[in-house]
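The two complexes that follow have chain A in common; it is paired with chain B in the first and with chain C in the second.
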Partner chain A sequence: MHISDGVLPIGVVIGSGIASLALAAWSVRRTDSEDLPKVAVVTASFFVTSLIHVPLGPTSVHLLIPGLVGILLGPSSFLAILLGLLLQSLLFQFGGLTALGANALMMGVPALLCGLLFNKLRGSTQKQHVIVGGLVGGGGTLLSAALLALLLFSGGEDFLGVAKLALVAHLPVFLIEGLISAFTISFLYRVKPELLNQRFSALQQG
Partner chain B sequence: MVEGQIIQLPLVLLLAALLLLALLSLLAVKVLKSAFVGKQTAQKEPDWSVPVVDADAEGTSLFHRWDVRFKLVALLGFAFLVVATRSPEAAMIALLLSFSTVLVAQQPVYRSLKRLLAMSGFLGMFLLVMPLTVVTHPEDILLVFSGLEFLPFNLRGLQLALAIVGKACAVALLMEPLLATASLARTVEGLTRLGVPEKVAQMILLAHRYIFVFLEEARRMKTGMQVRGFKPRTSTETLQVMGNFLGMLFVRSFERTHRVYAAMQSRGYRGRFPAPFYFKVTAGDWLHAGVWLLLGIGLLVFDRLGAA
Partner chain C sequence: MTSFRQSSCRIFCQLLLCLLLTAAIDAVASDAVPAALSVPPAQENADLKRKLRRLEHQVTALRDELNAPDSTQIVGGIGYIVGVFGIAGWLSARKKLRQED
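On to the complex of A and B.
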């Protein structure tokens, strides 16, 4: 779920915008220009994925995959998520123009953490990859939901009800995302394990 | 704990109001549906692999002639000033102003409506939840329906929600005039001249291309899955299939991009597309931008003074 324009108080809008800009600048510096097309690929895939709905009982939920983006891109993931959200807002009005900073923080910070954790813990066996991938993928979504609730709550105590609802609505999504991340990592491990290495350029030279 | 000014109402009134709302939304859905169906049969199956964000880039309206850099700064500034307001009245004025831009920029209204529809779920949640969950202040007016004493309906919550909806819609209506009145390449070039790094600009253009390619790819893969008898359900198997689907999408996308990038480099791509854009600033650009920023500031002043 994205925060739309007009929800957050102006102080939070500006603050999260500045924080997002700083993180994005750092992310750009950490991105090799060799890797740009690949970051663009994950950005576009992130965009497409968020249009995929998974049935859940009588309704359906759409995927967020901040964790997977982090696993695939590492430090560049913040940039990918910021641009993915920008394009979603430009093309489909998911999220908003002024709330872009807040939305990018909400998805991008978990992505960065997930990338870091996955790289530290993944080990070398498929089993460990899958378990860590699942936990990280689910955890990323959980953290996103927590940040969403926190941001909504920044509007004052009047927003407590909405924040709680947003958090509860994400609980089933967190399970689904964990499982899907695990399956995706398992697939990539078997089919194209080099995608799981975050530094592409180092890989090309080798 | 409830201490606001309570207005007792019979339950029948609530039922009548709900019925009226249901009828109205049913009518709205019907009208919108007929409008959309009319549009869709006119152009048959749309080709999803072709980007559409700047479909109406050719035109002669005030917004088409406006220098993109001024347009970006002025309308973004206006958007931030709009979200800084608090009262529903200011939000409604902003909504009217934004709607007028859609007309002045000669943009098809149904595309702007589509944008509003995309937000309806999120905003609907606010309209529904805020009146029931806001903290009760002594000066609040509460509607309490007999039989539902535990669920007071706070009018201040409704006001808050209406302000949010108004602001969100106002900014959303600015999007088409902001983006669709110049080609995306030109808008992005304007962004670079405003200081956005070249790398980021290239990424926007590349990702925007790839999105439509991948959407088409995902659609093809989905058709393949359906032909093989896949039906999504709430089950682990579905999730496994979706996981593999995502993995396959990543693998295919990477391989395709690898080939495309090699081809681009062999044709002389050095990290930027040649962009033969010529920018010329006129007094009208300054004037137009100034008007929008002043409108935004005026709105904010009205909002803060009116509230006091």
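On to the complex of A and C.
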């Protein structure tokens, strides 16, 4: 799920570039320096996860984990995703540099929303954590697919067709990501629950 | 460095593909000459189509293999990420220490 160079009209490229720069700046300001190791580890996981292609039927799919990144990092997730995507486009030509803004929005906005949603709904029991985490984890990818369709629609593609295609192709991914998020969160809840505390509420500036 | 290796790899694969194609054409041609008397053209066409489809599959497989990231690049990317956050952490720690002085 990457948008390549030259697919989007120039206005959308510039607009999404500016929007993602602004979001990245906000994200950097909201990142506490104490959290940097955590952000680095999650960024590295995000970077590696989308490189592991699992063959599935005629094509291959890979995980995207925007939801999980958002749950773990909160406001810092946009920074993590932008950096991960930048390196992917530089090293592997996954999506071009000009489409980086659009790609970052496509993955980063769902991550931020997922983080916010998880923080609001997670409750206090492990069961609720796991259920909400699984739903949010799968939902993040769903939202990414919807944004992909929306962005391609701006490039003149047929919106419903692309949306349907992206949904069907990623149906197993939604399920797998939901399961992985639920599993990760239940593990973290038992082992290191403070990792699940984000800094949406407290304003912490370097 | 990387781009050189990729381009040389690409050239190698193109060469390989050319060889495969010529070999396939040769095989088909040598099959066809003695078989022309006994095998009907429809049968021959079907054989050719099957061979062509197999070659197409090989080409897509080769292309996928070329596009797949290799492990050194993945490890390198992780190194970049750790390095960037390491620098950020170092800078912010320095700032904090200065403020305390």
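The definition used in the following text is that the second predicted complex is superposed on the first by the 181 of 206 C-alpha atoms of A that agree within 3 Å, B and C clash if a C-alpha of one lies under 4 Å from a C-alpha of the other, contacts with A are read in each partner's own complex, and residues count from 1 in each chain.
Everything that follows uses one rule, which is that a contact is a pair of C-beta atoms (placed from the backbone, for glycine too) under 8 Å apart; a residue touches a chain by one contact, two chains touch by 3 or more.
Since we're looking at a predicted model, the values are computed, not measured.
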Superposed partners chain B and chain C on chain A - clash or fit: clash
Chain B versus chain C as contact partner of A:188, first or second or both or neither: first
First (chain B), second (chain C), both or neither touched by A:39: both
Touching partner for A:196 - first (chain B), second (chain C), both, neither: neither
Dominant contact partner of chain A by residue count, chain C or chain B: B
Touched partner set for A:83, first chain B, second chain C, both or neither: both
Touching partner for A:121 - first (chain B), second (chain C), both, neither: neither
Partner chain(s) touched by A:49 [first = chain B, second = chain C, both, neither]: first
Touched partner set for A:91, first chain B, second chain C, both or neither: both
Common ground on chain A, meaning residues reached by chain C in one complex and by chain B in the other: 33, 36-37, 39-40, 43-44, 47-48, 51, 83-84, 87, 91-92
Residues of chain C touching chain A in the complex: 2, 64, 68-69, 73-74, 76-78, 80-82, 84-86, 88-89, 92-93, 95-96
Complex interface listing, chain A residues touching chain B: 1-8, 10, 13-14, 24, 28, 31, 33, 36-45, 47-49, 51-52, 54-57, 63, 65, 68, 72, 79, 83-84, 86-87, 89-94, 96-99, 157-162, 165, 176, 179-184, 186-188, 191-192, 195
Chain B to chain A touching residues, read off their complex: 53, 76, 79-80, 82-84, 91, 114-116, 118-119, 122-123, 125-126, 129-130, 132-135, 157, 160, 163-168, 170-172, 174-175, 179, 197, 199-200, 202-204, 206-208, 210-211, 213-215, 218, 232-234, 236, 238-240, 242-251, 253-254, 257, 260-261, 271
For the chain A and chain C complex, residues of the former touching the latter: 33, 36-37, 39-40, 43-44, 47-48, 51, 53, 60, 83-84, 87-88, 91-92, 206
